[in-house]
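Listed next: structures, encoded as structure tokens.
Here chain A shows up in two complexes: once beside chain B, once beside chain C.
Take a look at the complex of A and B:
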């Protein structure tokens, strides 16, 4: 099974009533690859993430993870197989501290999810994992601050931390640098590069600088279909992509 | 002064009782987004089940078993009822709990009849504990307070210190996100729903004999519990505690005040006797207006802050 792709989307379809959001999506992501999904607003990128993580049921097609069919699994079962995600809309637990946020994320992986009645503080590995992640995110000084009061860039960093603190091997990040300044974006890209080391990364991103800097492969989604998929060079040169989406941005990058 | 102390004690007992119901309901509403109309019905069920158990065996068995029975029923309702209805949206859930409240009410009348049952305070606790200014204070009231305080500590410790508590607190803001982090949210929902029902049942066990166990008790308390939960802010335990105590105290105080509105206003320097056009209003005695007080407070607090005292959701 080692040859099976980390993530395989085979003819995925999603309709909301009569609205066809995803028409026929085929994407293959190899293990350890950094794969970017780009496309204009409303192309269905976030919906695709919802499909992969089992948040909404698919209307058709199959999704598999390392050769295992996960199409009809629940969110938490998919997570337990090693898929974690961040949301486009900031979705931290605002009233909990930074540390507590990370503990919620780490609990399942550290075998603490079953014993629900057990004390939180009494479990060393859980605390250590959360502390380790605080360090990595550069948020140690903000340990006890409620997540809702963090600066925006720190919130986005914490979201990435939440996605990986449970030891996921496949991470889906939805526009992790949206709304950031140039400097904050650089910091976020460095963090993403570091945390995706040795993992499979799927990232939805609008910032073409980030995409071409980070991605090994790129899929272009337009109107519910993948119109191109390949290396950054392939995608950049693809005439369909140039006309449909990249336009002027591609000229600049060439 | 003694009179005031007595009223304050009663208000505290009543407020803590309200908290037992509202704490469960606020967690259910905050987490699942379900405005559970049947919550007070589980309180009533607790009282009736305790009555039957205490007739067959004794009160102490009822104190332990009745909340467990009610909690188990709650778990069944969540797992096989609410969860099936959930995919059809909030309105369907609302109607489901409304229907459930009706069914519980009717079933109780079928089994135990339409009139109050003789559910009495156990003899071992039926004595005056102390007297304040010549009025004997029943020991059972203190027992109620003790049970409520004990439950409060257990609930607080569970939420603040255990792993389940952390997951529940996280799920109060983003249940979806918690599921994305590998937690079995539907099972947590079941546990919270069952726990909330068990708490309501326990409240029924200790209040059914202190007040009265009849088929109208769910309706009478249900509306007040709703007022408490909305006033405290949906999903906020501390908000529910504050609102419970405020409403408990204010209502008990107003019941204890046997004086006309005009006299009361006169005491604080507002002389309204001259305004004859509203004489019917000024003649209302405050204790008769007591039932409206919780809702009056609710409206005032919502007018000031639509999220309630400490709410995280504004829905």
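Take a look at the complex of A and C:
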């Protein structure tokens, strides 16, 4: 009975004033699953991530993590329970170097806390983790460049890096490959596959190639509701999905 | 290599501090050096918030002032016979600063940016008002004073002489600067940079940005309070003027002129502005106006401050390419000098006119040139110089900038 889902969204509602963005969202993500959330622009995918990670309060419904209610928690408390995320709009520490960005990202996990009595360089495992991440992201050569001066694709890579460097057990990635070239996307997908091994991954993605390649299960969000949820094969064959969303991209499905 | 480049500036600083009072030995110079050291600590503490934490504190003098008042009271107690050596007073100031900032931080640290700045200003106003309302504690308009030589002597020194006080102040200033430098390399110091760059993202990495701000605010208050303790030793008096918005504005000015983007920038600013106040203060009453004008020019055209200018040119000087910049920089010079002279003419005449109306004898001169502000000529000449100068600068500056961009871009690639 210990198998509570990693993430459970139960009737989640979000209104911005009179705008109903999420009407009644129910999603279950099992531990260790790679779960993709797809849907047309403006469907509410990013808003859903904001709800899960405590960026905005929900207007209704409950969210739980491994059976624990996290609905009204702050973003940092949710992070401390093992949920990390990336942003669709790149959100880095622009004046800090790539290395320092990653080091800040791993600080909590490596026990640095708010320490003011020890030098950062004294935390060996923290430095090693940041270096390892640089390597994995292919950013070693850009180590000392301020994040704000990176090329766009490198910023996107670092954005993914910030979400995974802390070793969270549940990782939420919001359109990680947006704006990447074919080659960069392949690299990123390989990286995501590798780091999500043995973890729970929730990914919002427009690139259907990536989605069907990576996901164990897919939920389709449209107009603030989940209109289909299941394995890639289930979703591929779902007529509601085809009419609502996949019309334009239907060729990918066949 | 890296260690050398980090320790060398500190070695130089220590040597300078030890040697300075023997090179510039007059009482005036020593008091000037003390002011610089105190201003440097204060500006560094301000920049912990401003440059490193992205927090604009318009009321930072509160922590210097309250630390100073506490140190002053303890100095009085020492005068009355308690065993409290004068060199320990900065610790008392630091304690006052950190306690005050611990309380003030509760009010301000939830907010960011403009709201933060506004709240610090309001808080400071309230505290100044409170200080004036409690004359028993803070001495009203006159402030409170004591005698720094009244404490117990240490190894025969009573710290009454300017040189002895200088060494106490210099020791603490170096120690405080060193600690603040180390702070920038701790987890909390790095977190404050992260909160400056992107407070929201910090929240999604497991940290409460308000909490980070709060802790940094306390540290900043601690060092401002320490500067207050130094000021108590140096001036032997602290008044409500040390707490108010003038003092808070002065530290902002220094920090910006020196540069917020580097650790040493505020020190440079403190030294330059203190020198300027002394130098200009003896020849003109309008120094505050010049201070303000320099500030505006800096913010508009050199937002990195003096240290930013140095950083931008250091690699060019090292690679020997700076020489190529000289011709294009020289073309800006005539316009700059003309505008400067014109501005000086305008402001000196304005000040002159004001004091003539206040009863001073008419007439006057600027740089030995007769200049009667009650006639048209000095005004027209100054105005023309300013206008022509600014026009020339506007014409020549873009090319100088382009030259810099070209050469600097060349070295980076």
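Convention: the second predicted complex is superposed on the first by the 246 of 254 C-alpha atoms of A that agree within 3 Å, B and C clash if a C-alpha of one lies under 4 Å from a C-alpha of the other, contacts with A are read in each partner's own complex, and residues count from 1 in each chain.
Everything below uses one rule, namely that a residue touches a chain if its C-beta (ideal position, glycine included) is under 8 Å from a C-beta of that chain, and two chains touch if they have at least 3 such contacts.
Treat the numbers as computed from the prediction; the structure is a model and nothing was measured.
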| item | value |
| --- | --- |
| Combined model on chain A: chain C and chain B, fit or clash | clash |
| Partner chain in contact with A:93 - chain B first, chain C second, else both or neither | both |
| Touched partner set for A:103, first chain B, second chain C, both or neither | both |
| Which of chain B and chain C A:75 touches, first, second, both or neither | both |
| Footprint overlap on chain A, comparing chain B with chain C | 53, 55, 74-76, 79-80, 84-85, 87, 91-96, 100, 103-105, 107-109, 112-113, 115-121, 123, 162, 166 |
| Touching residues on chain B, where the partner in the complex is chain A | 161-167, 169-170, 172-174, 176-185, 191, 312 |
| Chain A residues touching chain B - in the complex, by the definition given at the top | 53, 55, 74-76, 79-80, 84-85, 87, 91-96, 100-101, 103-105, 107-109, 112-113, 115-121, 123, 162, 166 |
| Contacting residues of chain A [partner chain C, same complex] | 53, 55, 74-76, 79-80, 84-85, 87, 91-96, 100, 103-105, 107-109, 112-121, 123, 162, 166 |
| Chain C to chain A touching residues, read off their complex | 182-183, 185-191, 193-194, 196-198, 200-208, 211-212, 215, 219 |
